[in-house]
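Common to both upcoming complexes is chain A, partnered first by chain B, then by chain C.
After this line comes the complex of A and B, so read on.
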């Protein structure tokens, strides 16, 4: 097994079914959370002695509390529709990465202890005992699922496979076998307010630095306010937007849009994170605690609206669960959706005609768009069905001249995961990340061949980081992945911008 | 726990090679970590490491990549202070790999 993922699959087609490689990814496991990562989340520091009883009790509790989970465990008829739908299966060929096989790692234990047939005739119904080997297998393969839910789209019974992964992770957390990457991060949000551990002082300095940069570039003073009481809008964005490339260019884009729209807005140092990794580990309690920080920030700052930046699973949590987790938001202005996506805001402004663009500023690139899984399959934007697909594309087309979609079987609701979602964006899973990206990378290579596409845009911090890391393995520069609001930022003409008038005159003359 | 050997003294690090006690850092240790990462330390590497440490002293966190690049551009010129060159210096990324050598905690999150 190549640790660096050098043996990347060569696919003729993004969805080409690989030859089976039994056990190819066996034993791959991310670092286990240390006690200091476990305990702040309410989990035992290490594997408890009676882990088997605890695991089964937790499984029982989940099945009783969450009717859907029990139905998902009971309903599968092994039709096989999901088998070739997982990017990790397509990229690794490991049959245990077929969604049905992955689910069965848990389902087989559920059958053994909680169904009549499994209790008395285990071998007839594929039921098996919970052993330490099984627990290790869970740890490995439930960390080879990014909870992207592509397979669920194709399940005739509507089994939400991600829920099984989430339940498995919750059971493992309950017995003291959590994953370092996700749990360390959740701990940081609880203490500092964001995944990165970026404190108020450092955040303030970063934002000031960006204000200077925008002024140097454009001659216009554009603010990135922090903790400003009385602002109309609270922007909640992934902390990667304050740190990483190309995320930070997206943040600059939001700031320019707000500036031109003439609205007052602020970032909160207390809720300086849109991401909510509580979702990834299936923990309602942790998810709620993180969501409540956003509510508190909105109340403390007295804002009227909440807008989310470019973050995939954050938008799922925001769009689908925020009201349940931290509502009611009756203190906000009812004229606006709670919450709103930055792309909804920008698209509204474009339609109102508030924003002026020079699309030629993006003429050096030929674009495609990667639908992020959580936005595509677990949320919506705007007032129309499918708005989560159309609005990002509309905005891109409003600011870029050269746009081309990838193979339709790999976009919209059938989009492929970037390969790093769901708590897998960690270096110790790099081989999986590179292989899991191969279907998406193959689809990208197709539009590069057919249309000369040079860049791909995304609206998720995880997708952006993942692609900047894995694209070089597929023949692209690391900066071939861009933020959608980075494209907006490139093209937007700020009022009073240096050279803006000349540019406009030139454009008019050319026209 | 695994450790680096710095002139006979063991300095503990985590699974990924980040030192666990930040006050254990020394220039000799940086050299040892760099060796383990297959990096030949040059003046340019040191400029990055030194800036990271200064920034960390003030803010208790590593700077955003572009803040780092801007600072290096100022001190070493645009040929060194650009994203591409940073990745030549630190192939695993100026944020993660340079932080490791500078004895800073690993940046976490979606980065």
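After this line comes the complex of A and C, so read on.
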């Protein structure tokens, strides 16, 4: 993108409201899916002849199948409470990035064709015909929403723009105008089993390399098993954990925790992906198909429990939807919730006292924590409401001496999206990603000024990739973003580890 | 003549309101929510959900977190409206209930709260750039209609009184499908005409937020997806 990074907003405060800049992000659009990305998902390869009828029929179908879509289209009173809640609006000033305005792009068409007022008094209620320009506008602005749900928290009726965005994307897929990034990835999962298209052999080799690396560092042989029948735990983790930084250090952390806890576990090559981009495009059917791979892997391997690695939207699909999409899981051990989060497991082991830490191994880090949107606003951990906020912080504080929270208005349920969620983590949207990150980056800069914070931890593969890409634009090193289990990995003392503290420090610095 | 006109108007408006609203509510109730999507902070029990909904409807809890000005104006308007409406029950009861009488003195001040709230909300639609951008003509008209109702009501209450006894007789007559004589003060006719208009547009406008809030999945669902399997009938069919 042309504006790549040189016109980032200077914000005095993370939630500073910009002046409206009409048309600021107009026309920005990610690459359109080619026929080979569309067809495996059950969508037409390119824009169909009668796209208008198809789109309206799809809209009607969605209103009948999804109460949220129906109620949210009707209920909005335009009170304006959401207008300053979207990070993309705060970062770009484009009024169509205000949640209500984004919804209205579709609501205006819904009103025109499906409501009395819109049919007979269109200009009174802001109803408009569905035209090719409208479709293009949808394509642009429904790919400027990361489905983070921050607006839904603040709406007096809980209207969730993510639901409208998902519906819009599903309508666009149905007429043959899908997004390349998400649809191509879903295709890969269906064929190979993960977003990267990493096959069984490559995956096995990667895991072996990691085993060697851990043994070199610690002198302890820690296993990362693949497709091991009869293991107790199936670990489902985002495939970024197999190759990207800092994700991979998190994976090493899970392995060390499992090792110390003395449980048997395995990764599956068939379900080697926690991410489920079916969510992003609002497709129940595609989301279900991907989720069923996890069920099948669990059955084939004969495991007793399923645990998910650090990934935000994956945890939403896992915690909130897995039972719906691929349940019931009555073949698993009923003593454990299905599924569990790796942090629930680790925190439980910490409370049991199974894990020993040398917190000083993280003393080179002054840390803050970024609540990932899907974990924060669309799921939970543990038995109590709010566990998704407490458990990660508890684990961090157990392994780290210097921890500081960011401004409360930008954490917990009010957390700000990293700017790359919801299927937007693609280079063709880099300008949007950088600007959308500015509210979070401003909150980070505040704690850097106030407390000398150097690093930020996250538990989402998308957040980690996004931040390592955009943080340099805001004056941070790209490795200032860390995995929570990377910190665990730094501090954990493995049984029988050769007391080589220097090695550990080295490993931490490399990380 | 005028009495007959208004009688027919109110009968028609009542039918449209009741039937229209019933149809909408039926649609909301019958449309399944395929997935569990409660927004944090989500209660883990039914009781918790009832309490959450209560706080949303009575205190506008989320709005309070969101924007203090909109909350102040919106809450003053709605709470004023409920008191005024309770006060109005006396036109529809022969023997006024004790709790309706109890609300009478508060009701008088409530109309000021209503007017204050409405004017505040309306001012925001002009003064705040973001809200000006999202406002349609219908949003202004809705506020205009309500200001008209409240303004004319307050005129009758505080400036030019009308024959309340006769109004009551007329309303009670309507409920028994009889047409009594309605006083013909212009202000009363304006008040009642605007009220009938409000009733008619209720089921086809954004006033659907009133029933809608109770059906919002992000607010009315229990956060227990791991414990209880939630599945929509159409999704169940995919499994066979």
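Keep in mind that, in the parts below, the second predicted complex is superposed on the first by the 496 of 511 C-alpha atoms of A that agree within 3 Å, B and C clash if a C-alpha of one lies under 4 Å from a C-alpha of the other, contacts with A are read in each partner's own complex, and residues count from 1 in each chain.
To be clear about the criterion, a residue touches a chain if its C-beta (ideal position, glycine included) is under 8 Å from a C-beta of that chain, and two chains touch if they have at least 3 such contacts.
These figures come from a predicted structure and were not determined experimentally.
Once chain A of one complex is fitted onto chain A of the other, the partner contacts of A:428 are limited to chain B, with no touch recorded for chain C.
By the touch criterion defined above, A:333 lies against neither chain B nor chain C after alignment on the C-alpha atoms of chain A. Once chain A of one complex is fitted onto chain A of the other, the partner contacts of A:195 are limited to chain B, with no touch recorded for chain C.
When the shared chain is aligned, no partner comes close enough to touch A:53: not chain B, not chain C.
Contacts of A:63 after superposition on the shared chain: chain C is touched, whereas chain B is not. Between chain B and chain C, the partner in contact with more residues of chain A is C. Common to the chain B and chain C interfaces on chain A is no residue. Across the complex, chain A is touched by residues 15-16, 59-61, 63-67, 70, 83, 87, 95-96, 105, 107-111 of chain B. Within the complex formed with chain B, the residues of chain A that make contact are 31, 180-181, 184-185, 188, 194-199, 201-202, 205-206, 209, 213, 238-240, 242-245, 247-248, 275, 311, 425, 427-428, 461-462, 464-465, 478-479. Contact residues of chain A toward chain C in the complex are 17, 19-20, 63-68, 70-72, 74-85, 95, 98, 100-101, 104, 115-117, 121, 123-126, 149, 152-160, 163, 284-285, 288, 319-321, 323-324, 327-328, 337-339, 376-378, 380, 385-386, 388, 412-413. By the touch criterion stated above, chain C contacts chain A in their complex at residues 24, 27-28, 31-37, 39-44, 56, 60, 62-63, 65-67, 70, 74, 121, 124, 128-131, 133-139, 141, 201, 204-206, 208-209, 212-213, 215-219, 223, 225-227, 229-232, 234-235, 238.
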